[in-house]
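Structures for review follow.
Here come two complexes built around chain A, the first alongside chain B, the second alongside chain C.
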Partner chain A sequence: MKEPLLGSFKAKPEPGEHRLGPIQEIHVPMRKYSQDEEVDFCIVGVGSAGGVLLQRLARAGFRVVGLEAGPFWNTERDWVSDEAGSYKLYWNDLRITGGKNPLALGANNSGHGVGGGSVHWAGFTPRFHPSDFRVCSRDGVGVDWPISYWDLKPYYALLEKEMPVAGPAYYPWGDPHGYTYGPHPTAGVSNVLVNGCTRLGIGVSIGGPVAINSGSHADRPHCIYRGFCIQGCKVGAKQSTLVSHVPDAINYGAEIRDNCMVSRIEMGPQGRVTGVTYYDPDKKEARQKARVVIVCGYAIETPRLLLNSACPGWEQGLANSSGTVGKYLMAQAGNVVMGRFDELIRMYKGPPANSLTEEFYETDPKHDFARGFAVQTVGPLPIAFAKQMMVAKGAWGWGLRRVMMDYNHWAPLGVLGEILPWEDNTVTLAEEKDQFGLPVARVTFNLHDNDRKLINFATKKVEDILIAAGAREVVQEQRYAHLVGACRMGSDPKTSVVDGFGQSHDIPNLFVCDGSILPTQGSANPGLTIQALAARTADYLISERENILEGRPFSRISPPVRHDLSPEGTSGRGVPRLKGTALKVK
Partner chain B sequence: MSAADFNPNPIPEQGVYSSAVAPAKEPGPTSAGNKLKSNRIDGIIRPATFEEPGTDDEGPVENLPVDVKIGQPLKSRAQPGYYPGYNTLSQQKFWDEATRKVVLSRVNEVPPIRFFTPPEHKLMLAICARLLPQDDRDKEHKIPIVNYIDDRLYHDRIEGYRFEDMPPDREAHRLGLEAIEAIAHKMYGHSFVKLGPLEQEQVLQTIHDGNPPAGEEIWQRMSVVRYWTLLMQDAIEAYYAHPYAWDEIGFGGPAYPRGYLRQQNGMAEPWEKDEQPYPWNAPPGSPSAGYKPLGGASGKQTPVGQEGTH
Partner chain C sequence: MAQALSNEKRRRLAGGTVENRSSGLAGLIEETLPKAIIRDTTIVEQHIREGQFQRSLALVTGFSSLLGGLEVAYEHYRGSYSQRIMYTPVVLSGLLALVGIWGAFNRRVARRLLPVVSGVMGLDAVVGFIFHVRGIARKPGGWRIPVFNLIMGPPVLAPLLLAISGFLGMVTAFLRQEEDLGLDRQTTQSYGSSNAKPNSSRLTPWGVSHEALTLEQDIREGYFQRGMALAAALSALCSGFEALYSHYKNNYKYKIQWTPIVLTPLLFAAGIGTIWSRKIAHTLLPIISVLAILNGAVGAFFHLRGILRRPGGAKHPIYNILYGAPILAPLLFAASGFMGLLASLLRRRD
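The block that comes next holds the complex of A and B.
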């Protein structure tokens, strides 16, 4: 076929159109609040958590403004099906990284723009296991959460339908459950994981759970298997809050101000915050008054903002009487193990996130380390794969040219291993300043003994899987994924920043809701948990409506689950084989 | 430099420079004049300058890989790699407009050199010709790696972070050029651009191995292995972003809105090609063909991966 049947593809938006994917469109004029008007909620960062909060709170009738440092993507115009051209999706402002095992930041982590990191995540959406919430009681490591799996479970089930998540009808690990939307077909790399695991008798989940449409869902199309998930899904099949929650939020009267960088949270009298100061798109200082401020800036920008907001009475930074703001930062071990096969794999086809095993997730008394890991499919495109080969094989020059000519013969698998929370893994302020004159974040990261043992074991296990699948050569590179922690939740105000609802122990009308509040991280990708926590915090805030409006103390009572606040098309869908789940959910 | 000067000896153990591989020439007064000098004022690095070596420019030296079947140098070709006739650019009508614009501009509007000074540019060309050698590509299809690196540095586009043991990227690149020049002089008594391809590879291999024999003062200001990864990443981002490289390795290229249908058994889509591998070897004695551990055999300096995958 030399010519497209219907002529060259044209979906470029006309002036004034705001397109998300080829079908979805934002056509409602966005409500605008004046800066002098005190809104109910000001949300700092419209990413994974911020997008869900904005949507829930707007639907519940609150006046909500979301401030986002990056742009409000018009995806048909702004995104490209090209690896190097997707540079602008990431947080590219300067950060300093150090410690004994410095983390690579940039493309690896937080996003920049409405949808945040969910724009460039691969889309794996496993739940945390019940054990993750009690690792100190069970395994004597890390710390327990102030909430349990069962507090979060209804929100997992809800978000899995809102995103929605595609996966098998029966998922055996953690709290066994099933998925409403069918799993995806496999491609080259997932076949390798499935073959290797099956030959070794390791259970494997095929074709999900991933937040990628396996069939069309409302105004979002199904996946076309082009493999550019972490470059932003132009199709609109992969969930980001940009396509799943933000359009609904705008329909219900939320305002999003993009290209607005919040520089500080303002403290008022009586130990309450009064709003935020930010730089508008013209880099002029502006203010927004709010009854409640919710910080959703992720594991680096959230502690940075709290520290940069230091003021008389809060010299250590806002909400930091415990001294734990910026401490207990975590990343997951994300080693990539690559196997070369005689046959062609073509790793670029299909979403990188497809199949996984959580067979090694829990603490095993036979191991010399606590907690565990998952093994997942990945699918680096040529630039990413060449960089991996530079590290994994020491490739350069003719050696790099040669191994890259074999790009289509390699299958990479990712370790996702739990690294425990350590006090010396931190986010602090550096001397360097950003374009607004604000001190940038300094990230310090060190591996500890348990982490190293876990990584060594996990890497060897993945090598076994690749060899069982028929790999002739296996190499690996060490890396990390998924920053979380640094503003952790807990029951004790002396050792944590916020409570189980994300409410600051110190300042009652200041909330934090994003990956930074995670006290431990399991070995599941955190995206689903972050969005589920946001839905729970939203329900709590909605149930506290009177206290918020009157400025009274909050009740700290667990709220009822609000099934009626989901975006349209969520309810009435069931899970095959698990009748009970379908009945329980409205 | 002619092909006869190539040293066919095996790669030395890292950190060991046998006299057979590194002809010990004392840097004489004339060659010292070629040294890249940076003007440091108040600790700030200014663009480096070095005295032009004269007019003895011979052009690039042929450094072709070997066709294993016939034992002769491979002819340079429009499209190296195992997918002859595969052409991602031929599919551009199937791409979306935004993507087409970005990719075509990369190919057709090569950015000018604005960051590197002329001597730095010349040195950088020689370095990148070894980091990602293109001797097997014909002149019309070489990928202008240095122009894309220059463009990044000119616009000071950073990746969102800097290691605490590294200076800013612009400064790191300038310091690195100075160090590479110093190593070339120390090992061979000549400017890097004057060395043969294998000697140039030997110079670069010392940085890859985390064991450079010169530039001590520079390496106190930045980590050797992190500089190597910075340099390699920049070269990789330029080369493997180019459609010619996609054709070489059989990557599908932009795939929206068409997507893929044949996901099983490595099958080619109707517009893709099946693999037709040919056996080849790197030029004899090429150190970069040897896959030595990054940062040396101890593994102590191995950096972490930089790229997001999951």
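The block that comes next holds the complex of A and C.
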């Protein structure tokens, strides 16, 4: 092979070096805790929330072990910029899906490996609106959160700096605010959304908010607009906790045991958990003792683990005295509406997450449904596009081939509609067993009247936008995105599993911190909120240091925000913003 | 003011003889334009020849620094100010703009503060250049894929463009003010005995070589055509190179995008040629410089149109200015033309 001008790009990796992108590396050898040693925290699942918790608790000086069922990615070696080759980023173990409107489980609602779902999320990071925390009192549907937007707001701002989030200097919806990093340039699909919205007089946010670097951020390069965000960003520009928080966690002495599947949480005397049992990479059973166990397994695996950990005294599953573990599962309506344009759109170009409008986010008395939706850019690659066209147009055989040859002319826009929490949308245990002999999850999902009305209205609105932008033909595929709920937080122990800090109502040293604790979901992508909640829980746990170490009950008092726990290089970068520019509307 | 005019000029104003009509073009202009305008123009020309345009050049410095500052502010916003040092050119440009405008009204500021700020600006530009070179090196493939990374990476010569306003500020410091006639005679007479120059800025510490003092004095008297022409040439090169690859990003979709690319080598050649040839300084340099100024104005118009044509157009002004055609870049090209024109009006010692 011909040598490049100044030699090859990078010498062979040294032993022990862990690559996380073209210039990001972990050099420090990972700390190893013995299995007999009782660590302070055992985190089950190192994904969006787990990664943030691991980093903060390690930085605060605790002994922390993270157990992850998937691998600890070496991104340069393990990831490929290929749609079909990225299947291993998802949770591909057996799961049963059912109900009247069964969810497709896999790609866009699960994660596997360190970084979890944040490895393959598109990176949209809108905040929830203040109204999302008061859905029941405002609109009489769903349920209220035990915390308010103003409790979470400082953590939103903090995580937006840590990720960092690129977006407009002024974001008008919800609680108006601006972003640390500048917005991204637009590609074809964004231009369609902006054109359509502008012509209809609908406000639109261009170039963000997305957790993708628009300028280089320490050892993470800026985005190069190649479009493989949801195949795992090999560039390292898109945030995943794998590249943003995990390196810092390891530097501060956290241990991550990858390929370790936790089978049950061990219950001890005095109504406290004592640790976890897991299958190590050789599929041998092992134990880890811990003072506090935090479950971060996301909306299916978290309730499955709690239900699988049933033991004498907890026959219904751990922390399930309320009977709500596994109930109130939510997915967002993620209908993809596609318009065909005469001109070339080239939807594969640039990050699929780029522009959005939240103009229809709130409940509108003119509509016959409660709550609302957002419209966002999406960018399916050919395999996903073929599936969508098969559903939307019934294309098959030669017809599908002809549609596929037209790929570059289609512009897809995604609805992100709020589906309310319903008791009959559940995660339960099925008869079937996985490779470890553990019962797998059965997911039941049904749409209700409000959800259907909302979806119908939303898809019509997106069709209008596409037509205003100049589309000649519009088709749509019914689809769902994200998956939250099933271990919801609340102030009443009878109707919720955990409190506002993720602490179980039943078992004081058992925490749940991931998407499953969301009581309602808004029509914002949940990634930022999950990570912000994790940062808040971490602050709480750190403020309760004495109580944890001495096994006393927790105070349940909101701690002040810790700004000193951010990963290295968070402060002193980004667009200068005047404090207080975001109007505080309470 | 009248005594400011040299004998030659006075003769020309009075109608002049045939041999004093230096070129056909100048003669034509003199015949067609009203006398008052010609007189004012001649006074300006005279001031420049004599190095008595500190006020004007201070204003020009301030204005060009403002343009450059706005340009770097939004270009670095695109780069998200992801490094602290990215704030410095924005802050310094703002400062230089303020000091430049202040210097137009205050001799002490123009002579003492302006060169300091200009010097720091120049230094910052060099540091910026190094960081941009490093930025390209950090891109995947680095300097092993030079063309692609030059085009897609940080604009490598843009920091040096900011140095141009620093250069103008530096020159300003050594000039005389427009109404400095009496004082000016005195300094000219006391040329060589440095302590006779009140409030003057100095290139060199007291008592250094005769050559340095000569250079300082030459600038004061407007004898720095070569230096200004060289600066115009380098500025044109930086600006033109930016145009070359920025327009390449748009695949030279419009033919007019080639015009700055064509003008750049001409202006560069005219600027360099001026160092050796008085003739080029009086013919090619002003013509190309005027063309560059016009081209910059036309470019600014097309860039503005480009911004309005983007999706969302005027409804999303900040975003579209950010990612549309760089609205101030053509004006920076025009600034090179302005410097070339200035050079052609200055004097030289042969």
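In the analysis below, the second predicted complex is superposed on the first by the 555 of 586 C-alpha atoms of A that agree within 3 Å, B and C clash if a C-alpha of one lies under 4 Å from a C-alpha of the other, contacts with A are read in each partner's own complex, and residues count from 1 in each chain.
Methods note: contacts are C-beta pairs under 8 Å (C-beta built on N, C-alpha and C of every residue); 3 or more make two chains touch, one makes a residue touch a chain.
Because the structure is predicted, anything quoted here is derived from the model rather than measured.
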| item | value |
| --- | --- |
| Chain B versus chain C as contact partner of A:22, first or second or both or neither | both |
| Partner chain(s) touched by A:346 [first = chain B, second = chain C, both, neither] | first |
| Partner chain in contact with A:250 - chain B first, chain C second, else both or neither | neither |
| Chain B versus chain C as contact partner of A:95, first or second or both or neither | first |
| Touched partner set for A:186, first chain B, second chain C, both or neither | both |
| First (chain B), second (chain C), both or neither touched by A:224 | both |
| First (chain B), second (chain C), both or neither touched by A:198 | second |
| Chain B versus chain C as contact partner of A:262, first or second or both or neither | neither |
| Chain touching more of chain A, residue-wise (chain B, chain C) | B |
| Doubly contacted residues of chain A, that is, touched by chain B and again by chain C | 4, 9, 22, 185-186, 191, 224, 235 |
| Contact footprint of chain A on chain C as seen in their complex | 77-84, 87, 135, 138-144, 152, 311-313, 315-316, 318-319, 322-323 |
| Chain C-touching residues of chain A, taken from the complex the two chains share | 4-6, 9, 22-23, 164, 166, 168-169, 180-183, 185-186, 190-191, 194-195, 198, 204, 206-207, 213-217, 221-222, 224, 235, 572-576 |
| Of all residues in chain A, those that touch chain B in their complex | 1, 3-4, 8-12, 22, 76-85, 87, 90-98, 101-109, 120, 122, 124, 185-188, 191, 223-228, 230, 234-235, 334, 336, 343-346, 348-350, 352-353, 376, 378-384, 386-388, 390-391, 393-402, 404-405, 407-408, 412, 414, 416, 442-443, 477-481, 525 |
| Residues of chain B touching chain A in the complex | 65, 80-82, 93-99, 102-103, 106, 130-133, 157-165, 201, 204, 208, 229, 232-233, 236-237, 239-241, 245-246, 248-252, 254-267, 270-271, 275, 280, 282-283, 286-294, 302-310 |
